[in-house]
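What follows is chain A paired twice: with chain B in the first complex and chain C in the second.
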Partner chain A sequence: MIIKLRDFISNIFLRMFQQRRSLKLGIYGPPNAGKTTLANKICQDWLGEEMGPASKVPHETRAIQTKEKIKVKHKRKELTFNLIDTPGIATKIDYEDFLKYKMPQKEAKKRAREATKGVIEAIKWLDGMDAVLVVLDSTLNPYSQVNLTIIGNLAARDIPVLVIANKIDLKKAKIKKVENAFPQYEVVGISAEKGQNIEEFYESLFKLVK
Partner chain B sequence: MLTLQFVPYNEIESLSSNSKVRKLLNLVKENKIVLMEGRLKPNEETDLIQRTMESVSKDFKGIELCTIYPNNKNKFLKTFLISLLIGDRTGLTVVGPANIVKEIKRDPNKILLLTENLKRKRKK
Partner chain C sequence: MPHQCVKCGKIYPDGSNELLKGCTSCTSRFFFFIKEKDLEESKKITEKLTNEEKQQIEQDVLEIIGIEDDTKPVILDLESIRILQPGKYELDIVELFKGKPLVYRVEEGKYIIDLASTFGSNKKSASN
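For the complex of A and B:
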C-alpha cells in the first residue's frame, strides 16, 4: 500500500517535471551552417528518423520544421523538448546564386521566393522559443551581421543561447575565433555531419535548459 | 556612380522604429549606401531584415548591413550619462543595396566595403 502510494506520488511529480521540461528548442543561424544536419543528428539519435533534407545548396530549409517530444537521456538525466528547425536568416537572396549549383532558372526563382518567406517565418518564431541553438559555420568569419543580429535579438528577449561552432572536421575550422566573437556564451565545437563531439553538445544542452 | 548618404542621429531620434526602418529601406532602394549615426535596436534590425525580404524582387536582391560601435566597457558611466542626455548615438550603421555592396567586412573596429563592378555588370 505504502509502495503504491509512493509510486503514485512519484509518477505525479515525474509528469509535472516532464511537462515543465517539454520546451521549445529552436535552431537558428545563417544559411548553410548545418542547422538541419544538427536537427537530423538529434532526431536520428533519439527518434530514429530525420527532421528533413539537408543540402549544400543554400536555403534548402525554407519552412519551419518541427519534431515534438524528443526525449534526450544523458548521464541519468532526462530532457523532453520540441525541436524547431528554422530556415537560414539572410539579408539578401539572389536566385542567380542558385544557378551556380546547376539549378534550372525557374526552380532557382521559386527557391528564392520561398527562401524570402522562410526568413520572415524564422524571425516571427523567435519570440516563442524557450532556448536556442545558434549554429555557425566555424570555417567562416563569425562577425557577420546576421550572426550578431540573431544573438542580439535572443539576448534582448532573454532567451538562453548555446553557440554551436559546426563543421570542426574541416581544416579551415576556427573554434577559437567563434569563442572570441561571443565571449558571453558557451560555444561547443561539433561536426553534426560526422557526429564529432556530440556528447559534449548534449552535456551543454542540459546546462542550457537547466 | 556610388552615392553615400549620411543620416545624422537628430534626423531619426524622433522617429518610431517603424518609420526609422522604412526610411532606411527607402534610401537603400534608391541605390544609396546609407551611413547612419548610431545603431538600430535588435528588434529594428530584424524588422529591417523582414521588410527587406518582403521587398526582394528582380531588381532588388536585398541589403548588406553592418553596425560598428566603440568598445566603451571602461567608460560605462560616462557613456550612460551621455546617452541619457543626448541619446545613444554611439556607433555607425552601414546599409547598402546587395546589388551594389557585395560584402561588408567588420574587422571588428573598421568596416571594409566590397562593391560590385557596376560598369561590368551593366555590360553583361
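For the complex of A and C:
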C-alpha cells in the first residue's frame, strides 16, 4: 500500500516535471529555406502527421504553426517539446515575386500583406522560445542581413541555437560556407525533404536542449 | 518629427492638433511618422500613389498591425515598415527585433505607445 502510494506521488511529480520540461522549440529562418519541410519531417517521424503545407512559392507559412508535446526518442533518451514553425523572415516582400508562380494579382497582394504580418508575428514570438533551429538554404550565401539579424538577436537573448544547413541533396549546397559564417554554433547539414542526415540532426537536437 | 497624411500627403509638424482631429484637407486620421531626412522621398512616393492605392494601403496597414478600431488616429513608424504601394513592403527587421512599436496612437492629446495590445512587450532588447 505504502509502495503504491509512493509510486502514485512520484508519478504526479514526474508528470509535473515533464510538463514543465515541455520546451518551446522554434523554427526560424528566411523564406523558402525549408522550415515547414523540417517541421513536417519531425512531426511525421514522431506524431505521424504533418505540421502544415510546404510550397516552392515563398511565404507559404504566413502564420505561426504549433504542434504540442512532440516526444522524440533517441538512443534511450527522451525529449518532449512544443514545436513552433514560424513564417519566413524577410526584409522585402513584393507581390510581383509571386506573380512568377502564375498567381492572380489580387491573391499575390493578399499573400504579401499576410507575409508582412507573419514576419512581425515571428519576431514577436522569439522571446518566448527556449531553443531555436535556424534553418538556412545551404545553396545560398549565408551572409545575408536576415540570417545575421536572426542569429545576432538569438545570441543577444541567450537562446540556444542549432543551425540547420538544409537542402544538402542539391549540387550547389555548401555546408562549409554555412559553418564558416556561424563558427560559434553547431551546424548540421540535412535534407529535410529527402530525410538525409536526419539522425545526426536528432543527435544535435538532444545536445542543444540538454 | 513631421507626420504625413496617408490619404492626401499633407505634412503636419509634430504635436499638431490635426493628428488628433484628423487632416484638415481630407479628414483622414491615418498618418506616416517620418524623419526630416526622409521627407522628400516620402513625398515622392505618396505623390505617385492613386487614391485607390492610398485607401488600400490604409486597409493593409490596419490589417497587418491588427487594429480593428479604425476610428482612432493611427501613426505608422516608417523606420520599421515601409509600404511602397499595396503589396510591396520593406521591413527593417533590425528595428523590429528591438521590439520598438510600429504604431503610435494619439489619444486625448498624448502619444500612447501601443505595445501591449498589438505587439506584446519585448522586455529584452537586442544589442544590434
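Descriptive notes on the structure:
Convention: the second predicted complex is superposed on the first by the 193 of 210 C-alpha atoms of A that agree within 3 Å, B and C clash if a C-alpha of one lies under 4 Å from a C-alpha of the other, contacts with A are read in each partner's own complex, and residues count from 1 in each chain.
Quick note on the criterion: contacts are C-beta pairs under 8 Å (C-beta built on N, C-alpha and C of every residue); 3 or more make two chains touch, one makes a residue touch a chain.
This is a predicted model, so every value here is computed, not measured.
In the three-chain model built by superposing on chain A, chain B clashes with chain C.
By the touch criterion defined above, A:Lys71 reaches neither chain B nor chain C. Of the two partner chains, chain B is the only one that A:Asn141 touches; chain C does not reach it. By the touch criterion defined above, A:Lys176 reaches neither chain B nor chain C. Judged by the touch definition given at the top, the superposed model places A:Ala108 against chain C, while chain B stays out of reach. Contact with both chain B and chain C is seen for A:Ile120 once the two complexes are overlaid on the shared chain.
Residue contacts after overlaying the shared chain place A:Lys207 against neither chain B nor chain C.
Of the residues of chain A, those at positions 89-94, 112, 116-117, 119-120, 123-124, 126, 145, 149, 152-153, 156 touch chain B in one of the two structures and chain C in the other. Contact residues of chain A toward chain B in the complex are 89-94, 112, 116-117, 119-120, 123-124, 126, 141, 143-145, 148-149, 152-153, 155-156.
Within the complex, the chain C residues that touch chain A are 60, 63-64, 66, 81, 86-94, 96-97, 102, 119-120, 122-128. Within the complex formed with chain A, the residues of chain B that make contact are 41-43, 45-46, 49-50, 52-54, 56, 61-67, 98, 104-108. Those residues of chain A that touch chain C in the shared complex are 89-96, 108-109, 112-113, 116-117, 119-120, 123-124, 126-127, 145-146, 149, 152-153, 156-157.
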